[in-house]
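The following blocks contain the structures, represented as structure tokens.
Each of the next two complexes has subunit A plus one more chain, namely subunit B in the first and subunit C in the second.
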Partner chain A sequence: MVRTVFFDRDVAITQTSSIAGPKEGEGPLKKYYDYILKDDIIGQKSHEHAEIMMQLQCIKQLLNKAHLSQNDVDCVFGGDLLDEIIGCNFAMRELEIPFIGLYNACATFGEALILGAIMIHSDYMSKVITTTTSHYATAERQYRFPLELGSQRTPLSQWTVTGAGCSLLTKKEEVGVKVTSGTIGKVVDYGVSDANDMGAVMAPAALNTIVSHLSDTGRDETYYDLIVTGDLGHGGSRLLQILAKKEGLNLGKNYSDCGILIFNREGQDVGQGGSGACCSNLVFNAYLYKMLSQGTLKKILFVPTGALLSKVSSLQGETIPAIAHAVAIEVV
Partner chain B sequence: MRLDKEQSKEYLAEIRKDMPKTKHVRTMVRAFLTGGIICCIGQGIGDAIKAIFPSMQEDEVGGFVTMMMILLTAILTGIGVYDKIGAFGGAGSIVPITGFANSIVSPAIEHKREGIVLGLCANMFSIAGPVIVFGISASVLVGIIYCFI
Partner chain C sequence: MVRTVFFDRDVAITQTSSIAGPKEGEGPLKKYYDYILKDDIIGQKSHEHAEIMMQLQCIKQLLNKAHLSQNDVDCVFGGDLLDEIIGCNFAMRELEIPFIGLYNACATFGEALILGAIMIHSDYMSKVITTTTSHYATAERQYRFPLELGSQRTPLSQWTVTGAGCSLLTKKEEVGVKVTSGTIGKVVDYGVSDANDMGAVMAPAALNTIVSHLSDTGRDETYYDLIVTGDLGHGGSRLLQILAKKEGLNLGKNYSDCGILIFNREGQDVGQGGSGACCSNLVFNAYLYKMLSQGTLKKILFVPTGALLSKVSSLQGETIPAIAHAVAIEVV
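What follows is the complex of A and B.
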């Protein structure tokens, strides 16, 4: 069984673009975002429309930054958290670019990166955009309660990130930020049924993928400057470190989590940290990509994690399965 | 990949050891204060009505207070204040009639964009619905028992 695909140093991420919501714009990564929204409805008639608009503007912004027209791009791989992924589907209605819609909850961006890289590596496509979006208000409403309901958040809850981000993948031989391998995740279910405890749901999936990645590539955890998971939050990351120790992995200083990086936990009242399809995406496209292109980081293992629940499955008493995809991104 | 029941139990036991706990003393104090203040406001409105209309009966005053509290909550929910009171006060803001009003107004606001009938009206009771069902069922049951004694 092949879980890891290798891309011999020629699939490059040549440009990224990011749009962050107002709360994200007050977070620790504020100076890295391309654009920060002033409010989360941006003049649209609903938050869903705002999410669609955010997605569309993000892709347009990427095309501008890369000096490309829509015809130059072979395909967009993207998804979001809304039912029937309407965030991406409706944004793509405005564009003349072929589109493949994806859903792996918050791990969608990892899925998109791997699929995009496979397309570039196999020479079927020469320019691919990978993208995801999420919006606090639309996710709250779909998975939890109305925004104006006076309810308390549990200490384990996480804050869905509002934002959109995209990366442009192309073939390039010169030195640059390259996707060098990707490990496709398995759906892992450890029997957690608390929809607020996403960290405990996703940590085993992240561990499963990281262990497979390291054994497939013959590397150990110290090979990477940074191993960064998607949105486990503070509690989930600690849990992953404990679980990893049992497997003989030491996720210490070179480990972090996008859900931790994106918000300031004390000041912003976000529970365990950020989550959502755009959490890992925004941290990667805004922050990690810049760190890689400046040379501060050279090799990272990017592991977006997703909890694959729906409101119906939760109500019917199902436990929550999770998935994580690992993407090795290196400056080579 | 799925853990069997035994392994899953072990995993759940392990993660629960390290879970952040709700700060019970703090939440209870906040709930007590919030609930108390809401009740004081209700009492204040009742006293004011009695002072203005001395001829009003006690149960009429009660009805009036309820309506005023619901109106106040609807306005506070609409301008986005009540969710903050709820986040602070927890059960203190849910248990009084104001919590019930908030649970009807908030989905109504949220679903307004899907149309009046299938959006707003259909979803208005999505949270308060069970309360109404149980309330009506209980009152019918009590009514039947009352018939025979």
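What follows is the complex of A and C.
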């Protein structure tokens, strides 16, 4: 069984694009976003339509930043949290670019990066866009309760990030931000059934993938400047650190989580932190990519995490399986 | 822009597995299925659980037929029609195989075959399983109305196939059933908003992909023994033939549709024919694969088609975008 796929030093992320919601735009990463929305409905007739619009504009913004036309791009690899990924599907009908639809919940952006890197490294394609989106209002009403109900949030809940983000992958021999390997996740179910406790659901999947990645690459956890999980939040990250210690793995100072990085816990009332298919995406495309480009970071292990529930599975009393993909991104 | 990816003659489909629902088991392809269910709930507490069970058993059946253990398989590429693809997600938690979750509605199996073939041809992986599932009862209540309501079916409606199917992709130099190229779909919206008229929704997407495939490969429509679309049904297939004629393309005797092939229109009360993520899958894995293995067919263009709606998009009055992927499968 092959879980980790390796690329030479030729799969570069040459451009990124990000659109952040208003609340995300008040968070600690505000100066890194390309564009911050003034409100979360942006003149559309529903929040779903707003999410579709964010997705479309984020891809167009990427094409503008990279001075590319649609015809230059071989394929978009993307997904979102909406049932039947209508965020991506409906954005893509406005574009003339081939499309591969993905769904691994909040781990989808990791899946997209690995598949995109394979396309570039194996010369099947020369330019690939990877993208995901999520929206607080659409996710809450889909997975839990409509916001109009005013339901009280539980202590372990996280705040679904409103935003869209894209990366452009191309082949490049010179030094740059490169995808150097990827470890594909397995579905892990730890028996948690609380749809408000995503951190506990996803931490075991993150650990499973990180352990496999380090084993497959012959590295230890100190190899990376930063190991950053997708959206475990404060509670889930602590749980991961405890579980990791039992495996002899020390996730210490070089470990963080995108759900922690994206919001100020004090003052932003986000519970355990951020979550959603665009949480890790936005932190990567807006912030981590710039840190790598500037040389502040050299080697990161980016581990988007996804909880594979649906409202039907929750209402049928099911526990929640999870998955995590690990992507090594290095300046080489 | 690259829409068509080419493989040499080394990506073989070496085994398939199929499980058909009771109604499918009474259809014209009944003698080709590996296993036919006696009822569509198979002792589970819900139809969703039955769908998950079908998915899991179909993968296990494939492993048995191919004399493989889970550990021999590098990755499963799969998806289904349930919100958040819980059919695949929940089946995969019972297995120790890495997983890439896909969603392109009823075109998902085409997407899986193309991605799987890329993994094999580029030597990233040596054994890949591609799979999808669908279930009449879960799809009807999700996209339209619960069966318990007894809603009258419209004249243009199709019957979602109950079943699961898998292919095993491996590298093989000797003559066999090979995936030789794949054309990735674009999202096409023809302005149809009737969630009961899937044929009209998907026919333009099928045409778009077939035209691109023939252009990219320098072939004409007579190259293939059979061009077979996913699940346009009787009405949608006729529409495709009419649209094709306008493009100078004659989809005549060597054209058919899996939605037509899977049921007897007379006597099975299926409206325009079969549909669902497992319609084209089951016709391929149970029937077409055997025709290719026996040499009755030598060259087919397999074009799974998907309607990218959700219940939310339908209730919000949206039109329905669609996508189709084309996979050339030849005995070489």
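Methods note: the second predicted complex is superposed on the first by the 332 of 332 C-alpha atoms of A that agree within 3 Å, B and C clash if a C-alpha of one lies under 4 Å from a C-alpha of the other, contacts with A are read in each partner's own complex, and residues count from 1 in each chain.
One rule holds for everything that comes next: a contact is a pair of C-beta atoms (placed from the backbone, for glycine too) under 8 Å apart; a residue touches a chain by one contact, two chains touch by 3 or more.
These figures come from a predicted structure and were not determined experimentally.
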Partner chain(s) touched by A:G191 [first = subunit B, second = subunit C, both, neither]: first
Which partner reaches more residues of subunit A (counting touched residues only), subunit B or subunit C: C
Which superposed partner A:S151 touches (first subunit B, second subunit C, both, neither): first
Which superposed partner A:A200 touches (first subunit B, second subunit C, both, neither): first
Which of subunit B and subunit C A:S46 touches, first, second, both or neither: both
First (subunit B), second (subunit C), both or neither touched by A:A66: neither
Partner chain in contact with A:L82 - subunit B first, subunit C second, else both or neither: second
Which of subunit B and subunit C A:I36 touches, first, second, both or neither: neither
First (subunit B), second (subunit C), both or neither touched by A:V332: neither
Set intersection of subunit A contacts, subunit C complex versus subunit B complex: 45-46, 186-189, 321
Touch list for subunit B against partner subunit A, complex: 1-3, 5, 7-9, 11-12, 15, 18-22, 27, 77-78, 80, 82-87, 89-90, 93-94, 99, 102-103, 105-107, 109-110, 113, 127
Footprint of subunit A on subunit C - complex, ascending: 1-3, 5, 45-46, 48-49, 71-75, 79, 82-86, 89-90, 92-93, 95-105, 108, 111, 115, 118-119, 121-122, 124-126, 142, 184-189, 308-313, 316, 318, 321, 323
Sites on subunit A touched by subunit B in the complex: 45-46, 141, 145-156, 186-192, 197, 200, 204, 208, 235, 238-239, 242, 319, 321
